[in-house]
Each structure stands twice: as C-alpha cells, then as structure tokens.
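Both of the next two complexes hold subunit A, though its partner changes from subunit B to subunit C.
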Partner chain A sequence: MLEVTSLTRAFGNHLAIADISMQVAEGELVTIVGPSGCGKSTLLRCVAGLLPPTSGQVVLNGVPVTRVPDRLAVVFQDYSRSLYPWLSVAANVALPLLAATRRGSDRGSRRGRAVRDPAVRDRAASQRAVSQRAVSQRAVSQRAVSQRAARRAVALAALESVGLGGFADRYPWQLSGGMQQRVAIARALACEPVLLLMDEPFGAVDAQTREDLEDLLLRVQAERHITTLLVTHDIDESVYAGDRVIVLTRGPGRVRAEVAVDLPAPRDQITTKERREFARLRAEVSRLVRGTPAPASAPPEISPPEIFQQAP
Partner chain B sequence: MTSTAWRAVSESRAGRGAAGLVILFGAAQLALWAGRVSPAAFPLPTTVLGSAAGLVRNGAFVASVGDTMLVWAQAMAITVAIAVPVGLLLGTLSGAERALAPLIEFLRPFPAVVLIPLVLLIVQDDTRTEVVIVVYAAIWPVLINTVYGVRGVDQLARETLRSFGFGPLSIARRVSLPSAAPFAATGVRIAGSIAFVVAVAAELVGTGMNGIGAFTASQESGTGDMAILIAVAVWSGLIGLAINAVFAGAERVAFRWHFALATSTRELP
Partner chain C sequence: MSALPATGPATTAAARPRAGGRTYLLLARLLVLAAAIAGWQLGTTAAGNPYFLPPAQIASGMYHRWFDGPASHLWLTADATANLLPSLGRMLSGWAIAAVAGVALGVAIGRLPLLADLAESLVHFGRAVPPPALVPVFLFVFKIGTPMEVAAIIFGVIWPVLVNSIDGARHVDAGYTETARAFRLPPAQRLTRVILPGAAPKICAGLRLSLALALVMMIISEFAGSTNGIGNEMLTAQSTFDISLMWQVIGLLGVLGIVLNALFAVAERRVLAWQRAPRATS
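For the complex of A and B:
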C-alpha cells in the first residue's frame, strides 16, 4: 500500500535520513520511534509529499509520490498552530473538504469500505440526500449553500466520532489542549484519508489525556482501518498503539529494526500494559532506541519496566 | 450613588482618566482665579469650554470639520487600497521586500508637510495635494505592519493546509490573509490618527486648503481669540481620540480570536 524505497534526504551537508526502506500494508498502524534528531519528522514530511527526497522514492498505491497525494491527512503535534483560530471548530474540520471538492474527486465513490461505520453510513445517506437536492436546484448559489451544509454535516459527524459533538460552534482557543488535538483528529477523519500521518500527535498533552487520545486513535482505527503511520519518541506509545514498530537510529536516521507487536486487540491502557509480552516488547524497543545490546543472560521472569529506564 | 458603584467608577480606566482631567482643569482655573497668570495672557478654562460649546453652532467650523474628515476618509481609503496589497506582496516575496526596504526606510521619515510645494506643482490642485500628502504619511504604518503580519504567518499553519491538498493561492487566501489581517488592522488604526494630524497640519501650512487647519489659521489672523484657538485644539483632540476608539473597537470585534489568543497564551501551561 505504502512503499518507501531507499529514501534519503539531506539539508545542505547535513544528512537527515539515509536509505530508509519500509512497507506499510493496507489498514496497518505502524509506529516509528527513534531518538530525538533521528529524522522522524523529515521522513513523515517526505512520505506526505511536503518535502521532496534527495534520493529514493515513496510509492502510495502504486503511484510515486511527487506532490501531496489525494486523500492524505496529517496530524501535527502542535495543534495550536495547525488549527486556525479565526475559524470555528466545525469550520476547521470542514476546511479540508473544500480542497477535496475543488479537486473534483467523486465524493460518492470515496465511501467504499468505510460504510461499516454507522456514523459514516448516516452521513453518506444525508450527503446523498443533499446532493440529490443540489441537482434539482439549478441556481449556483443554492448549490453552494447545500454543499456548505453537506460539508458541515460531515464535520459534525467527524466531531461526534471523537466525542466533541457539542463543541462545533466553539473556537479552538476556547478548548483544552486535548480537545484541540481531538479537533485535529476529527479534521483528519473528515476527509476520509487513505493514509493518515501523525507527527508526535500526543506529545504536547498531559499523560492522562495522552492515554485517552491513544485509545481514541485505536478505536477509530479499528472502526475505519485507515492505514496509519505514527511518529513518536515515546517507546510505550510505539508499542501500545502499533501493529508494528519501526526503530530508527540516531541521525542520520536509518531503519535499525522492525518489531512486530502481537498484543491482542482491543488494547487497554491497564491490562495490555500489565502483560509480560508488553514489558518484553517495551524493553526490546527501548534497547534498540538506545543502541544498548541485549543482556547475555535471559531477563528475569518478572521484570519491572523501571529497571530499564535506570539502565545506562 | 452607592459606595460599590462609586468604587467601580473610580477604579475603572475611564473613571481615573476623567478624574485626571477634572483635577488639571480645576488647578488651571484656580491658578488663573488666584491671579498668578493674567486672564489676558491666558483664557480661563471655563472660557475655553464656552468657546468650545460655541463652535458647535459655528457653521464655518462645522463645515471645516466636514472638509477635513472628507479628505481623511479619501486618504484612508487610498492608503488601505495601496498599502495592504503591496504589503501582502512584499511580505510574500522576500526578495522584493529586501530590494525595497532601504528605499522605504529612506522615504518613511520625510515630514509629509515638507512635500506640499512639490506635490502642488505636480497635482495643481489644493485638495488633491492634501489627499496625496496625507496618504504619503499614512501609508507607512499600514505597509510595514502588513509586511510583518504576512512574514509572521506560521509555517506549520501553511504546511497543514498544503498537506490537505491546497495550492499556494488557496493557502494565501485561507491562511496568510486571515492571520496577517489583525496586524494590518493595527497599522490602519495608527494610520488613522496620523492621517488626521497630518491633514490638519497640511491645512494650517498650505494655502488654499479648507478644513480645521485652515479655520484655525483664519481665526489666528482674524480675531486672535486665544480661547477659540484652544477650543479648536480641544475639538481636534477629541476627534483624534474618537478615530482611535472606533478603529480599536472594530479591531476587538473583528479579531476577537487574535486578542483571545494573546491573553490565553499567558494562562495556558
């Protein structure tokens, strides 16, 4: 689905990422973790088509990425800068739909697999009704009004799905940080992306909110099967959220290892993290990130995770 | 008045400001009454107030205020129409901005009134000369604020829109324009005050112009009534205050998000 081949990006003489190759399957949630300055964000921006690679290529559904691909959504860490303060919450969420309609892509054919979600089904029905009405109305202005109503309906459904149903007409700066990042997630969902890129999306909120947002992401991902690439510096998060963890080396970033996460779904902040398997994966990823070799002897049967944090 | 209501008034900004005025007024009145300054050399504040009230019924003065405000309005419209688009352009094209910055820095400090004879030679019309002079003085704060506003547009805000498939023109319209607008508006507010001051000054210096400045000049050479001259100054000050208040109020309404953001960032962790 997403295929990255020998991707290299330099800024002047500084090599940010070098020879990164990886593949992401349809519907998979892959987390990318690495030490700070390993070029995680550079990698994401190359995949998004926001930054041309120095060499190598990114192929999305068989098409090489040379510009920002259609039906891509990006969630950045800094919600206060990526949400627009002069637009209401609903208008922020509806904004990407404006680009989608302008691209002239057939919104009717975009549904596909997603109709399993009842919210999406209702939304599709309401949009069909709205677009049928639009056909019967000849006047361009009336069509514009109904298109706006359709966009708003999609935005409201997306807000509902992230638990912000009642906040459509507030402004982003009237909401807490966690709620603002929910708005950003709703905005990403509203354009029904085939690929969702998240650049340290939960890095700026407190620990409790971070856990809530991780669970929100996992729930939405389980419902809609959006192929997702999540960049994080948090090892716990990479293991907890990912179907697979890709560990990058310190700059220039290269792929050090890939770790398959076979924790059962649905995951739970308490019971999943209680599992011995979680502790083992967490330790493995932690060692890979730090570049410390695995101990010669097998780890003790019961291994409190704190030990690994204190290791040099 | 109850004591709490009285405290609310006395602690408000407007209340304190009014108290300052009343005290100054009273002190001047007392000093003149006490005979420290001869009333012939300087009119009593109450006399000035009387003259100021009389000016409202003075047809020539009212017409002069209308003339000045008409020039002001024309000049402000032209200023915004030129400075905002040019500012947007210079803010976007950093090369052009760097090429023009020395020229702007050279032209900006010119006292606009000095240019009256030159402009009069070119334009050959007094009122139009005044408009040109006022535009010359008012254009800089709008231009410079707009340039800074556009250059301060958040890179991530643009990139977010780009990642949703918007092109450069859409990004300019949907991100650069709205986020630069509050800065441009501040420039317009500053320009509004400058434009009024320069308009009156031009009328005072230039010959053949109308307006508050010309009225003042005619009073000075005609009656030489000091109380009326001070009364005209008081009215001019009040008009200047009103211009600033109207623009400031409009900014607060139109860019509520901008002020909310400026105050909320201090409270957020």
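For the complex of A and C:
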C-alpha cells in the first residue's frame, strides 16, 4: 500500500538520504532504524509529503504523494512542540478532525468514514439531513454546534482508547511527558489514518514509560491494523515493535538491510525479550546498524524452526 | 506607572516569591507609596508655594471636578462627560483600530515572505518617525476634531503592534506549523488556532506598549487642537493660570495609565495562561 522508489533528498550539497526503496504492506508495522544522522526523519517527512524529494517518489495506495495525503497521521518526537499548549487536550485531539469535517462537508461519504462510534455517526447523519434541508443562518450555526459536539465525541473516544479518558479538559502542560505522547497518539488515531508515521515517538520519555507506550502502540495496532512506519534509533524498540526492521546506513541514508521479525504476538516486554530469537534479532540489527560483520558462528539468516523456541 | 504591583518586574514568573513573601512585598510597596505621598503632602504644605499643591488638595479637586456626579451617571460630573469620556473614547477607538490593523498587517507580513520583502523597509521607516511629528500633518488633513485626533492616535500607536506582530508571526515554533501541515489544517484554522495563539505573547507585548503610547498620543493630539477632552482642559488651565486644574489633569492621567495597564494585564493573563505554566519535559 506504500511504495517508496529510489527516494533521494539533498539539502544543498548535503545528501540526507540516497536511493531508498521500500514497500510496506497493508496493516504492517515497519520500523526504520539507523545511526543518528542517517536521514531517518528526512525519510519520514518525504513519505508524509511534508518535504518534496529531490528525486524518486512515494506512492500511497496507487497515488503519488505530492502533498500531505488525506488520512495520514504523524506522531512527532517532541510532543511539547507538536501539542498546542493553548488548546485543551480534547481540542488538540479534535484538531485534525477539523480538516476532515471541513473537507467532508460537501462530500457526505468522507464524514461517515471518519466516525466509528455509532452514536456519533447518528449525529453526523442528522447533521447531514439538516444541511440538506435548510440554508438559513440558524441551521448553519446549529450544524456548527453539532459538528463541534461530534468532533469532541470522537476526541473523547480516542482519548479513552489510550487510557486518558479523564484528562480531556486538562492542558497538555499539566500532563507528564508520557501522557502528552499518549495525547499525540490519540490525536493520530482520532482521524482514523490509513497510514501512521511515527518519528522517534518514544525518544523523549523515560525507559518505563517508553515500554508502556510501545505496548500501547502494539495493542492499538492489533485492534485497528493501521499501516505504521516507526522511525527509531533504539534497536530493542525496532525489533520489539516491528513486523519488519529496515536498517539504514550512516548518512547519506541508504537501505542496508531488511530484517523480518517473526516474534509471536501478542508481544510482552518481559517474555518476548527473554526469547533467544529476540536476542538474536537484536544482535543482528545491532551489527547492521554499526556496520560490523557477523561472527562466523552466528546464523546469518533467520532460521524458522527457532522462532517458537522458548528461552530456557 | 512602572512600579505598579500587578505588572512590576518583581512578580514575573521566574522571580515570584512564596505566598507569604508576596504579602510582605505588597505591604512594603504600599508603605513606600504611602511614604512618598506623605512626604509630598508635608513638603508642599510646609513650603506653601502656590505652584506646588499638596496631593490631598489635588485629589479632592479631582474628585469634585470629575467624580462627584449623580449615581445615575455613574458618579461622573458634567465636566467628566464633556471631557473625560470623549478623550477616552478617542483613545480606545484609536488603539482598537491600530490593534486590529496592526495585528492583521503584521501577521500577513510575518507569514508571507514576499510581502515582508516589499513592506519591511516601509515599516522601519514608519516606526522611525516620532509620532508627534505627524500631528501637524493630520491637523492639516482633517482640521481640528475627533477624526484628526483618532488618526493621530492610530498612526502613533500602530508601530509597536505591527513590529511585534511581524516578529511573533514569523517566529511561531516550526514544530507547531509542521504539525498543522501534517494534519492538513485548512488555512483559516491554521491562522486562528496555530499562528495567532503562537504569536500571541509578542502581540500582547506590542499591544501593551501601544496602550501606554495611546495615552501619550491622546494628550498630544488634544494639545495640538481640540474643542474638548482632557488635553483641552490642560490647555485651558495653561491659558488661565489654573494651577489646581493643571495638577488635577496630571493626576488623572497617572490614574488612567495605571488603570488601563492593570486592566490590560488582567486580560493578558487570561489569554496567555498557557504561557506562564511550567513546561513539564519528562
């Protein structure tokens, strides 16, 4: 569903990423890992349509990406600069719905798709009826009010799904870092994305919170099957969270290798990481990131029989 | 005006003392103020110079001249409705027009590089001209009256708003604008929910400067030519050697400055509540 072909991006004379090609299947969670300065964020911005590539192209569901595609969501690393401190938590989460409903107001089908909760869908349907019936000023303002209520309902549901049900009317700066990143995840989920991009999303929180957030991501992913591209510099995280790991070389970033991760689901911070398979994958990715060759004794490829073998 | 408790430098977030310390600080400030007034009172009474009046006499004169009216008129006297209200009306409308125009122009210039290239030198030229120097020009264009005075106020006070709005809009955090782009926020929402709030701290600083300047421009424009207003009363005092009236006008201007600044501070605190909050980073 996502196809990246020979993507290259230069800033002046500096080549950030060079000739990157990769494919991501529907519902897959692919992690991209690489040494710092390998152009991970540049790659993600090109895929998001936030940054035009110097050459090569990104195709999402058959459509070349030339600007930010509809139903794309991004979780940035720095929550303090991506959540708006002047908006409440609920308003932050509802913000992308503003784009969705605005665009959907003349094309009814989109709005229906953006809303999952049946109660909200009914309200949306009644809004549509109102909009068809009347064009008076009063009807317009009523519609605005009920649209706002519908957006809020979606935002509350999204907050509930990340475990922040009771924090809708707080402000981001009243929450801890981990909770703020949950808000950012809720905001990404609220617009029901077909593609979720995460740029070192858990890089700014402490280790324990990081594990919780990784598990939150895996749970959401298992429930909704959102195609996800997660950029990280943390090798453990790339193996633990990913269905597949793409390793980039030091700048300019190129694809060094792709490693399939066949760890069984549901994954668990303790038992999954206890597996011999996890240790082996981590070592493999580590060597690829550092560019050191594998020792002769180590298996060069994943050997399927080992996958379900529990660690002693 | 700079020693106003609500806005003085000692109460900024970084150096704010504990609640108990704050009470003492407030008491100490009031004490200094009271001592200054008492000294003024004693000094002028002892000297008996007819040009320097004791503050109690000035205050009671102010009261009887402007604030001794019937309750139905909000205790304003005929003199106050004839002079104080027109002055305030011109000042506030001039400031409001300058605020709206300054923010609109400033945000446009700050966000549109092409417009900035074209307009920036013009802005720097405009702000470099001392506003009072333009009063004769407005006098020439509009003749004596409210339009001249309002125009002089607008032109005099728009520059701090404009310059600060340009700066604020230009330097809205790139993280905020990129997030808006990533979530495909339509241009109108991007402006009202991201750019304007992001630029609000700078915009407020500009508005506050221009509010103080509006009082200055109000008086100067009325000195230059007016048929009513506080400045006009000052002119009357000058031509009739009414020393008492002169001191009353000075006192009134001081009180107005403090009250306007305090009201603005209250509004600003509400609008920028998010900014004073501690940034939790982990």
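Rule of thumb we're sticking to: the second predicted complex is superposed on the first by the 263 of 312 C-alpha atoms of A that agree within 3 Å, B and C clash if a C-alpha of one lies under 4 Å from a C-alpha of the other, contacts with A are read in each partner's own complex, and residues count from 1 in each chain.
Just so we're on the same page, contacts are C-beta pairs under 8 Å (C-beta built on N, C-alpha and C of every residue); 3 or more make two chains touch, one makes a residue touch a chain.
None of the values given here were measured: they were computed from a predicted structure.
Superposition note: with subunit A as the common reference, subunit B and subunit C are in steric clash. Of the two partner chains placed by superposition, subunit B and subunit C are both touched by A:Trp86. In the superposed model, A:Ala265 makes contact with neither subunit B nor subunit C. Once chain A of one complex is fitted onto chain A of the other, the partner contacts of A:Leu175 are limited to subunit C, with no touch recorded for subunit B. By the touch criterion defined above, A:Val205 lies against subunit C but remains apart from subunit B after alignment on the C-alpha atoms of chain A. Residue by residue along subunit A, subunit B and subunit C are tallied for touches, and C comes out ahead. When the two complexes are overlaid on their common chain A, residue A:Val63 makes contact with neither subunit B nor subunit C. Subunit A residues 48, 50, 68, 70, 72-74, 76, 78, 81-82, 84-86, 95-96, 99, 102-103, 171, 173-174, 177, 191 lie at the interface with subunit B in one structure and with subunit C in the other. Put simply, subunit C touches subunit A in their complex at residues 173-176, 178-179, 181-186, 189, 193-194, 197, 200, 274-275, 277-282.
By the touch criterion stated above, subunit A contacts subunit B in their complex at residues 48, 50, 68, 70, 72-74, 76, 78, 81-82, 84-86, 95-96, 99-100, 102-103, 171, 173-174, 177, 191, 197.
In the complex of the two chains, the subunit A residues touching subunit C come out as 48, 50, 68, 70, 72-74, 76, 78, 80-82, 84-87, 95-96, 98-99, 102-103, 171, 173-177, 180, 187, 191, 204-206. Subunit B contributes residues 154, 156-157, 159-166, 170, 174-175, 178-179, 255, 257-258, 260-261, 264, 268 to its touches with subunit A in the complex.
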